[in-house]
Each structure stands twice: as C-alpha cells, then as structure tokens.
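The same chain A turns up in both complexes below, where it pairs with chain B and then with chain C.
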Partner chain A sequence: MSAPVLWIFLPLLVAGCLLLVRNRKVIALVACIFTLLLTLAAWLLPIDTVMTIGSWSFKLSSSFEILGRHLVLGSNDRTLLVLVYGSAIAWFAAAPAIKAARRLSSLGLAITALLVAALAVEPFLYAALLIEMAVLLSIPLLSAPGEKPGRGLIRFLIFQTLGMPFILFSGWLLAGIEANPGDLGLVQQAAILIGLGFSFLLAVFPFSSWIPLLMEEASPYTVGFILWMFPTVVLFFGLGFLDHYTWLRDAPALGSILTTVGILMVVSGGLLAAFQRHLGRILGYAVIMETGFSILTISLGGTVGLNIFFMLLVPRSLSLAVWAFALTILKEDSPTLMLGDIKGLGRAWPFATCGLVLANLALAGMPLLAGFPPHQAIWEGLASNSLPVVSWVLLGTSGLIFSAIRVILAFASGSTAANWESRETGAQRVLLTIGFLALLLLGLFPQWVVPLWTNLPAIFTHLGQ
Partner chain B sequence: MLILLPILFMLITALTLVILRFVRPNFKYPWMIAAGGSVLALISIFLWQIRLPQSISMAPWQPVNLFFFAPTWLADGISWPYALSMIALAAAVIWTSVVRAESSPSAWAATLLLTALGILAVGAENPLTLVLVWSAIDLAELVAMLRSTEGEEQNQGVVIAFAARLAGTGLVLWANLVSTAGGILMSFRATPASAGIYLLIAAGLRLGVLPLHLPYRKENVLRRGFGTTLRLVSAAASLSLLARIPASALKSSLVPFLLVLAAVAALYAGWMWLRASDEILGRPFWVLGMASLSVAASLNGNPSGSIGWGVMLILGGGLLFLFSARQRNITWLPLLGLWGLSTLPFSPTASAWQTGNQTFWLAVIPFLPAQGLFMAGFIRHALHPGETSLESQERWTKVLYPTGLFMLAAMAILLGIWGWEGAGNLGQWWAAVIANVLAAGFTALALTVLVRLKPASSSSQWTRLFRLEWVYKTMTVFYDFFYRIAGLLTSSLEGEGGLLWSLLLLALILSVLSTQGR
Partner chain C sequence: MVTILNWIVLVLALVTCIGLLLQRNWRWGIGLLAAQYLVIFWLVQTHWPVSMAAVKLVTGWMVCAILGIAQLNKDPAQETETSWPQGRLFRLFTAGIIIATTFILSLRASSWLGLSLPIAWGSLLLIGMGILQLGISAQPFRVILGLLTVMAGFEILYAAVESSALVAALLSTVNLGLALTGAYFLNIPEEEKP
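Now for the complex of A and B:
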C-alpha cells in the first residue's frame, strides 16, 4: 500500500460512499471516525519503512504513479497530514450541531483529499489542476440543491479558474528558464504569471470580492471550511514554488513584493471590515487579512518567517471554526445577519455571541487570545525591519478590532427588558465552550501546539534550512 | 511561591463558593468561607515581605527565538502596596456586605476572582504579562457590566470604555514595537525614551485621563460591593504601570502638554466629585480624578509618588463607597481616609508632590486645587446620612461592619509609614499645607453654598463635553464619509462589472508600484 492511496484515494472513496448515505448522524460519525483514523495513521505510521506486526510485515511506500504523474507523500509530510486531517475533524465534528454535516462531511472530505493530492503531485505545477478540481467540487457544497448559484459562487469559480492557466503557463515558462537561466525577459514573464496566478488563487485585493459575497450567500460554516482549506493549501503550494526555484527565492525584489501584497491584503481587509454591516462579510474580510499576514510572514524570510507562518495555522483554524460556527447558529434567529437585525441577540444567544466576538478579537490579535502570539511575532518581525510597515499592518488590524466593537455594540443594544437566556442547544453550548477555552488557552500557552507544526519546515528542502 | 499564595487563597475560595452554589444551594455559611478566604489572602500578602523582590514565571513561550519574554510576575515595592490595598478592599467588601442586601456568594466569588486578576496585573514584570492580564480584566469587566446595565445608553458606555481600554492595550504593544524598531527589547527595566511616553498615554487612556473621557454617564446597578471592586481594581491595574515607567523614559516634548490635560481632568473631576449627590454617583469622578493625580505624579518624574494616589484611590475610595450604613459614632472611620489624601508627612501621598529632575516644581500648582476639591468632596460625602442606619442592624453586624471599614483605614495608615520606597517621608510640606487650606475652604463652601445649588447633572454641557460626545459625532461624520467610499469600492468590485473593475484596479496598482520601483 502507498501513502497516497491511504490519504488521498481512500478518503475520496469514503467521501463518495458517504454521498449515498441519507442518515445525517451516520455520515457525521463515519466522517469523523475515518478522519480521526487518517490523522492517527499520519501521526503513528512511518512511511517507506518496513513495519512488522507478528509475522506480518508491510511497508507504506511514499509514491504512487497515476497518468504518468507521481503522487508523493514522504515522511516529512506526515505532520502536514496530521494538521490538515486533524483540523478537518474539528470542522466535521461540529457540523452536526448546526445541521451542516450531510454535505460538509462527504464533500469536505473529498475536497480535503484533493487538496492533499495537490500538495503531493509531482511535477508540482499540476497542483493547479487538482486545486481546480477541488474548486469544482466545492460548488455543490456551497450552493443549496435546486437553488440558483449566487454571484459570489460564480465569482469564486471564475477567479479560481483564472488562476489555474496562469500557474500552468508559468510552469511552461519555468521549464524554459531552467534550460536558459540567463534569459531575463523569460524570468520576468514567468514571475508576472506566477504573481497573477497566486493573486487569483489567494484572493489578493482586488480579486477578493468573492469572499464577502460568498459569506452573504452561503452557510457561514461551509464557507468557513472552504476559506480555511483553500488559502492554506494554496499558501503551501506557493511556498513549494519558492522552495523549488532558486532564482525566485533569491530575487532581490521578492521581499518587498511580498510585503506590499501582504500589507495591501491586511489594510484592505481590515479597513473594509470596519465598514461592513453584515456579520458574515466581516468574517470574509478577516480571512483576507489572515492570508495577508501569512504572506507577510513569508516576506520576513528565513526560518523565523517560516516558523511564524506555521504558527498561524492552528489559531487561525480554531478562530475561523468558532466564528463560522457561531455565525451559523445566529443565522437561525436572524437570517440576514445585518448589524441592524442582530440588536440585542446577546441576551438570547450568549454563547454564540461570545464565541463570535472572541474569535473576531482573536483573529485581530487581541492579547490573551489564540491569535496574539503569532501576530505579536509578526509585528515584532516587521518592526525590526521597518516601523512604517508595521504601522500599516496595525491600521488594518485596528479596522478589524473596530468591526468587533461595532458587533459588540449591536449585540448589547436593543431592549434591556428581555431576560438573559440561552437558546443554543446543549451540543452548541458544549462546542462553543470548548472553543472559548481553546482560544484562551492557546493565547496563554502557544507552546502547546508547537509539536503540531515544529516538523513542518522540513517539507521544504531550501526554505526550511 | 509566596507570590502565588494570596492569589491561590482567593481563587480556591471563589471556586469553593461557586461549587457550593451548585452542589449545596442551601448552604448556610458561604459568607464565612468568603470572609475567611479573604482574611487568609490578606495575611498571606504580608508574607511577601519575607523576601522582596521575588518573581515567578510561566513556562516560556516557544519557539524561544520568537518570544523573548515569558509571562512573569514580580513581588516588589511597587506591586506590594497595590496588592495589599486590593486584598484589603476585597476583604472589606465581603466583611461589610453584612449590612447590605448583597448576600450572593457569586458576587463574593467574582470579587475575589477580580481581585486575583488585579494582583496579577500589578505584579506584571514585563509588558507582555501586563497586556495579558489587562485583557483578562477588560473581558471580565465587559461581561460583568453588560450583564448588569440598565439601558441602551449605559450599554454604549460600557462598550466605549472597553474600546478605550483596548486602545490603551494597543498603545503598550505599540510602545514595544517602537522599542523593537530601535533595537531594544522593551521591559519595565529597560524602557527607551521613545517608548516611555506611549506607556504613559496607554495608562492615561485606560483610566480616562488622556484624553479626558467619561464613557459612563451614570453608575449602574453594581453599586456598593462588586461594583466598587470592579471600578477600583480595574483602575489600579492600569495605575500600576505608571509606577513602572522610569522617569528617564519620559523625556518627551509632549510632557507639558500632557500635564495640562491631566490638570484639566483633575480639576473637572474634583469639581464634579464635590458636587455629586452622593459618593456612588460621584464614583466615576473619584476614579478619574485620583488617576489624573497619579498620572501627574508620573509626568512630574515621580513614579513612586503615583503609587500614593493609586493606593488611596483604592483604600480611600473603598472606605467611602462601602460606608453605606452610618451612625454618628463611626463617622471617624471614613475620615481616617482623609489622612491618606492629605499629602502630609507620613501619609501615603506624602511623596506625591515631589518632582523629578526634569520638571519644575511649579508644575504641581494646578493640581493642588484639585486635591483640595477631592478632600472637600470626601468630607461632604462622608457626612451624608447614608443609605441605611447602623443602629437598626444586629449586634454582630455592628462589630463586623466597622471592622471591615477599619481594615481599609488601617492599611492606609500602615502604607504611609511602611509601604514602599517612596513612603514614610516628609514630602513637600508647603504643597500639603496649601492643599489642606484649600480643602478647608472648599469644604466650607460645599457645606454652605453648594447645598443650595442643584446637584451636577449628568447631562450638563460640561459633562457632555468631557464625555467626548462631540468627538464621537465628528468621528461619525468621518465614518459616514469613508463608509460611502468603501461602499462605492465594494459595490464596483462586487457588481456585474466587478471582474473588469478588478483587472483595471490591478493594472492601476501595478503601474503605481512599477513607477515607485523606478
């Protein structure tokens, strides 16, 4: 058996089977247990090493050939698999509490498997095709059956699809550069194509309009899952590019370009979040900011930047999950999620409103919450290079904090005659409480999740050194 | 380990009270547990004196090449007087609750929990620890206040106060970044001159002094017990920072300007405190005014002098705000607090008017009338008839209640003699004499003329001015302007032609960047 079969084809098969099952609880249970097993397997099973159990021995080979291409998942990728499938468990486990398990568990598992395949494929440029397949699979996940797809969904499809040819074209040019490294014109063209490709895939401003639109149209929890999986995998894919091509990694302008793009995303996301009146859109802009922060960590360079990049992953996943979960609960009471319509909801939905506000503040980097340690490291890293750069970043951050203040004000306003109650179900209360505690504990003890990402830099031969 | 002892006592007591509430709701002696726990904590704080300074750290944050500081707490000459004052306040709140209609174990648990957080804040050894504990206090206060407010306007005040505190926390983080940009890892021992002023403004902003703002129009239902703890402990958590900013870090051209702002805040708060109908309605002004005096001491290059005002904010304020049941023969008790405010030799505030090298002694002059106003207001409110009479209470409460109040007065006297490095001295006797003479004059005025005037209204022109409503209105105008621009941008990008607009914008950005690159 090979590792790609275990972590790519088997999940695809299980996802296909789950689509045929009708019982929501069975789907959720199977998806969770199966994903848990995949995570445990990634944690415990060595790759390319013979294992002996009694008289039976087997080896999990790292490579699998398909259509002339290779899918390779080596020993170094195990931490990544633990992170990807581990975070998927969290998303799948909470889904039944908000009645989102049916499509999310099956299609979500398939999307996860395809995105893992995108990270495993060699030559790695083919990842663009696998990402596109995952995008196509997201369509039925994001659009309710029988409903006309909204503008955000169409825009998502267009922008992600536009990204694919740019990446593939750049691959074609890159082959030329390898043959003729002195051709500066070719290098410049390839760099522009790579830049455009990633701008579309990562929703760099101004190609980010699909995110807030989608947050308005679809279930916040489902979009939250998509907004966690896609940018994360695309960022890994981008790091793969940097790791693979020396000319790109050593380009003198790379640092300033990444810093500019990162600032553009953080400032545009933060400032636009400050002016939103829809709770879902605020989350959308926060995700844009987070992608910007990841790009800024890459701009810091070296192992320091890479360490902060990986450090952001767990708090981001957690904050996004709590925020999207809380939003989905509130949507039951207030389908529009407009600030004007959620007045006073804090008294009826205290757990959901607390979760939403804490997750928002965590992504803004408020001290004591999970997002603070990595954000603090980014701010300090940027400040040691340039104070004006960090001032721009803080401007964007204050935009997100301002949006949180407006949300708190809306939740707290309205009639104070109403009694405090909790309309959340027991499962929702338990999950949100776990979410609060995790946000607080990771804010105080960020070292607890270091083992989850400490081996991740080893994936990259050059960047991780 | 000694440093954790009072915190552990308070947390264990709070936890016991909460567990008992669920497991044995009819338990008859929760007060005994709360009072016992608070006294143990009070005794244990004296154990800090066995070895000062001492510190304790949490496990360092990893990776260590990214985080140079770990959350660390320090018991020293600055944190001890604040910690002692806060524990004395918590004990007094619980002991004096016997005369009030506050018999909720949850409120006592919350008082102990908040005090424990307050001690963690004043003991913060570095800015990282401080912002962590500040955030915990801010979140706790936000939840507690929102659960107890009585109207939309008050809710708005609570959220604005939270936002101002968050901005203060942000300024500490900014000070750290300014320091990092200068190649210095900022700690309270090594604060560069470029960052010190931000720390001071951060504390001032959190306290409502710099710029002067009063988010709360009136006090809410959390009145005497937990409300007093909430107000005073959260203020003390910010005040302790003032004592940790070295005078050398405050060499900025902004200092005179900030002194003027602090003087305006102190005089306004002093006047409103004197004119308030009762001490509870005047409480926001008490906190604001005492904080202004503390900020002024720090600006005058006298960080240890700020401790005097800080501890008197807690002890003097606590004495008066908990003095709800009154009787002629215990009026001397709150008046003992007056000693603490007098700046006379060997009082806790004796060193308050000393100035550092860089400030001229005349800089204290504008603050003396403010001190006089506070002392006069203190006397005026102490002489009120009160909410209830102590005479109607049971005999045992007649013993416990004054004992609780006396604890605060005794701590004030003790700290004046044996508090911290700046305590136990003669101070600036001439400033104390002027302030006390002014206080006598204001008291006479208050007891003769002011009683005939209408009490200060929360909707007066001055109050509206200092509540910064005009700032919020101006900000709203700007917000609406930028909202329209943001709306235009998003509607263009998200509309039917959004794709083309996106490409056009990209071309524009690229052309601007390439022009700059050349």
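Now for the complex of A and C:
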C-alpha cells in the first residue's frame, strides 16, 4: 500500500460512499471516525519503513504512479497530514450541531483529499488542476438548496478557475528560466503570470470581492471551512514555488512585492471590516487579512518567517471555526446577520455572541487569545525591518478591532428589560465552551501546539534550511 | 493545405465565439459550443497525436450533452436574461475590440511560442471572448459557457507546450466538472429530508 492511496484515494472513496447515505448522524460519525483514523495514521505510521507486527510485515511506500506522473507523500509530509486532517475533524465534529453535516462531511472530506493530492502531485505545478477540481466540488457545498446561485458563488468559481491557467502556463515559463536564467524578459513574464495566478487563488485585492459576498449568501460554517482549507493549501503551494525555483527565492524584489501585497490585504481587509454592517462580511474581511498576514510572514524570509507562517495555522483554524460556528447559530435567529437586526441578541444567545467576539479578537491578535503569539511575532519581525510597514499593519488591525467593538455594542444594546437566557442547544453550548477554552489556553500556552508545526519546515528542501 | 485548413478553422472559431456571445437560445449555444470543440480538436492535433487530441473532442461533446440535458430539465420560469448590457450591437462592438486586440497579441505570441498564427490567434481569441462573456453576463449558463471558452483557448495554447497524459486527463475532468457545475446551477435541488 502507498501513502497517497491511504490519504488521497481512500478518503475520496469514503466521501463518495457518504454521499449515498441519508442519515446525518451516520454521515457525521463515519466522517469523524475516518478522519480521526487518518490523522492517527499520519501521526503514527512511518512512511517508506518496513513495519513488523508479529509475523506480518508491511511497508507504506511514499509514491504512487498515475499516468506517468507521481503522487508523493513522504515522511516529511506526515505533520502536514496531521494538521490538515486534524483540523478537518474539528470542522466535521461540530457540523451536526448546526445541521451542516450532510454536505460538509462528505464533500468536505473529498475536498480535503483533493487538496492533499494537490500538495502531493509531482510535478507540483499540476496542483493547480487539482485545486480547481476541489473548487468545483465545493460548489454544491456552498450553494443554498433550491436557490439560484448568488453572485459570490459565481465569482468564486470564475476567479478560482481563471487562476489555474496562469499557474500552469507560468510553470512552463519557469522551466524555460531554469534553462536560461539570464533572460530577464522571460523572468518578467513568468513573474506577472505567477502573480496573477496567485492573486486569483488567494483572493488578493481586487479579486477578493467573492469572499464577503459568499459570506452573505451561504452558510457561514461551510464558507468558513472553504476559507480555511483553500487559502492554507494555496499558500503551501506558493511556498512550494519559492522552494523549487532558486531565482524566484533569491529575487531582490520578492520581499518588497510580498510585503506590499500583504499590507494591501491587511489594510483593505481591516478597513472594510471596520465599516461593515453584516456579521458574515466582517468574517470574510478577517480571512482576507489573515491571508495578508501569512504573506507578510513569507516576506520576512528565512526560517523565522516560515516558522511564524506555520505558527499562524492552528490559531487561525480554531478562530475561524469558532467564529463561523457562532455565526451559523446566530443566523437561525437573525437570518440577515445585519448589525441593526442583532441588537440585544447577546442576552438570548450568550454563548454564540461570546464565541463570535472572542474569535474576532483572537484573529485581531488580542493578548491572552490564541492569535496573539503569532501576531506578536509578526509585529516583531516587521518592526525590525521597517516601521512604516508596521504602521500600515496597525491600521488594518485597528479596523478589525473596531469592528469587534461595534459588534459588542450591537449585541449589548437593545432592551435592558429582556431576561438573560441561552437559546443554544446543549451540543452548541459544549462546543462553544470548548472553543472559548481553546482560544484562551492557546493564548496562554502557545507552546502546546508547537509539536504540531515544528516539523513542517522540513517539507521544504530549501526554505526550511 | 494544413495552413489553409487552420485558417478555415480559425474562421469557424470566430463564428462560434461570436455566436456564443450573441445567442439568446440555449440550443444555439450548445450547438455552437459543440462546433467550438471541433475547432479545439483540430488546433490541438497540430501538436498532439490525433488519438490524444480526440480526447478534447469527446470531452467537449460530453460537456455539451450534460449542459443540454440540464437545460431540458430546467424550470422554464427561470429563463431570464440577467446580463447587462443586453444589446447585440454593444456585444458586436466589444467582440470587434477583442478580435483586434487578440490579433495584435497573437503576432507576438506566435513567434514567442513557435506557433503558427492561426493557432495562436485562435487560442487567444477564445480566451478573450470567454473573458468578455464572463464580464458581461451573470447568468449561470452563460458564465459556464464563458469559462469553457476560456478553458478551450488555454488548452490549445497549453497543448503546444505540454503533452502529458495526466494533464490531458485532469483538464478533461475539469471541463466535465464545469459542465456538471453548470447542470447543477440550472437545477439546484431542494435539501433532502433526512
């Protein structure tokens, strides 16, 4: 058996079978147990090493050949598999509590498997095609049943699809540059194509309009899952580019381009979040900011930047999950999710409102919350390079904090005569409490998740050195 | 002879993509799309073996079949044109701009990629017209036609530089996936009861 069969083809098969099952509880249970087993396998099973259990021995090979190309998942990728499938468990486990398990568990598992395939395929440029397939699979997940597809969904499909040709074609140019590194014209053309490709895939401003629109149209929880998975995998894919091509990694302009793009995303996301009246759109802009922060960490360069990049992953996943979960609960009471319509909801939905506000503040990098340690490291790294950059990032972050204050005011306003109650179900209360505790504990003890990402730099041969 | 055929195919590409832009009847749209896949087959087979290029034709016609069946099952009440602006004169004018722009670009691209002019122009024309379609329409069926047209143009160009069987298979899957997405958009089901 090979690792790609275990972590790519088997999940795809199980996801296909889950689509045939009608019972939501069975779907959620099978998806969670299966994903947990995949995570444990990634954690415990060595790859390319013979294992002996009694008289039985077997070896999990790292490579699987398909149509003359390879899918490769080596020992170094095990931590990444733990992270990807481990975070997927969290998303799948909470889905039944908000009645989102049916589609999310089956399609989400297939999307996760395809995105893992995108990180495993060699030549790695073909990842763009697998990401596109994952995008197509996510359409039924994101569309509201029985309703016409909205503008956000259509734009998501268009922008993600347009990104693929740019990436594929740039790969051909990059191969040409490797053969002839002195051709500056070719370098420029390749850089433009890569830039455009990743701008589409990562929803860099101005190609980010689909995120807030989609947050309005679809279930916040499913959109949250997509906004966690896709940018994370695309960022890994982007790091793969940097790792693979020396000229790109050593390009003098790379740092300043990444810094500019990062600042653009952080500032645009923060400022637009500050003036939003829709709770879902605020989450959308926060995601844009987070992608910007990741790009800023890459701009820091070296292993320091890479380590901060990995450090952001767990707090981001957790904050996004809690925020999206809380929003989905609140949407039951206030379908519009407009600030004007949620006045006083804090008294009726205290757990959901606390979860939403805490996750918002965690993504803004508030002290004592999960997002603080990585954000503090980013501040430190940026400040040692350039103070103007720090002031721009401060502006963006202030926007997100300002939006959190507006949300708190809206939740707290309304009639003071209303009694305090908790309309959340028992499962929702338990999951949200786990979420709060995790956000607080990761803020206080960030070292607890260090083992999750400490081996991740080894995925990259050159960047991780 | 081959060069003359390439030019004839280019004219067919021009007719199909302008037709796709102007049509208001889905039957015409699917017929033109099917003809467009003939164009792709011909232009791709100049770089690939005919057996490999035939994959594009078969996939393309499967795409047309999927979209056709989905349209037949669609609720007629949903048939509304939401694109703006709707005027055919405007569309013809913008198509003219795209034709001129892609011609200029193809002069450079043909020498850069080592392609003959009809192939380079054909591919860039399809990409341009696809993007134009995406820009002026918000109707899901037209958006899918636009994306398929962009993909078609890209596939012609990419066939000149990459001949991997895996890429051909994945691109076919993406095309079929886009068609299935289009079919899904046209007939989005209600939530099933558990």
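As a convention for this text, the second predicted complex is superposed on the first by the 464 of 465 C-alpha atoms of A that agree within 3 Å, B and C clash if a C-alpha of one lies under 4 Å from a C-alpha of the other, contacts with A are read in each partner's own complex, and residues count from 1 in each chain.
Rule of thumb we're sticking to: a residue touches a chain if its C-beta (ideal position, glycine included) is under 8 Å from a C-beta of that chain, and two chains touch if they have at least 3 such contacts.
What you see is a predicted model, and the numbers here were worked out from it, not measured in a lab.
In the overlay built on the shared chain, the residue A:P367 is in contact with chain B alone; chain C does not reach it. By the touch criterion defined above, A:L136 lies against chain C but remains apart from chain B after alignment on the C-alpha atoms of chain A. Partner contacting the larger number of chain A residues, of chain B and chain C: B. Contact with chain B, but none with chain C, is seen for A:W420 once the two complexes are overlaid on the shared chain. Within the superposed three-chain model, A:W56 lies out of touch with both chain B and chain C [touch as defined at top]. Of the two partner chains placed by the overlay, only chain C lies in contact with A:R69; chain B stays clear of it.
In the superposition on chain A, contact of A:L168 is made with chain C only, not with chain B.
In the superposition on chain A, contact is made by A:R24 with chain C only, not with chain B. In the superposition on chain A, the residues of chain A contacted by chain B and by chain C overlap at 151, 158. For chain B in complex with chain A, the touching residues are 58-63, 65-67, 71, 128, 131-132, 134-136, 139, 142-143, 146-147, 149-152, 155-156, 158-159, 162-163, 166, 169-170, 173-174, 176-178, 180-181, 183, 479, 482-483, 486-487, 489-490, 493-494, 498-499, 501-502, 505-506, 509, 513, 517.
Chain A makes touch with chain C in their complex at residues 22-24, 66-69, 102, 126, 129-130, 132-133, 136-137, 139-140, 143-149, 151, 154, 157-158, 161-162, 164-165, 168-169, 172.
Remark: chain A residues 151, 155, 158, 199, 206-207, 209, 212-213, 253, 260, 264, 271-272, 275, 304, 307-308, 311, 346, 354, 366-369, 373, 376-377, 379-380, 383-384, 386-387, 390, 394, 398, 401, 405, 408-409, 412-414, 416, 420, 443-447, 450, 454 touch chain B in the complex. Chain C meets chain A in the complex at residues 78, 134, 138, 140, 143, 146-147, 150-151, 154, 157-158, 161-162, 164-167, 169-171, 173-174, 177-178, 180-181, 184-185, 188-192, 194.
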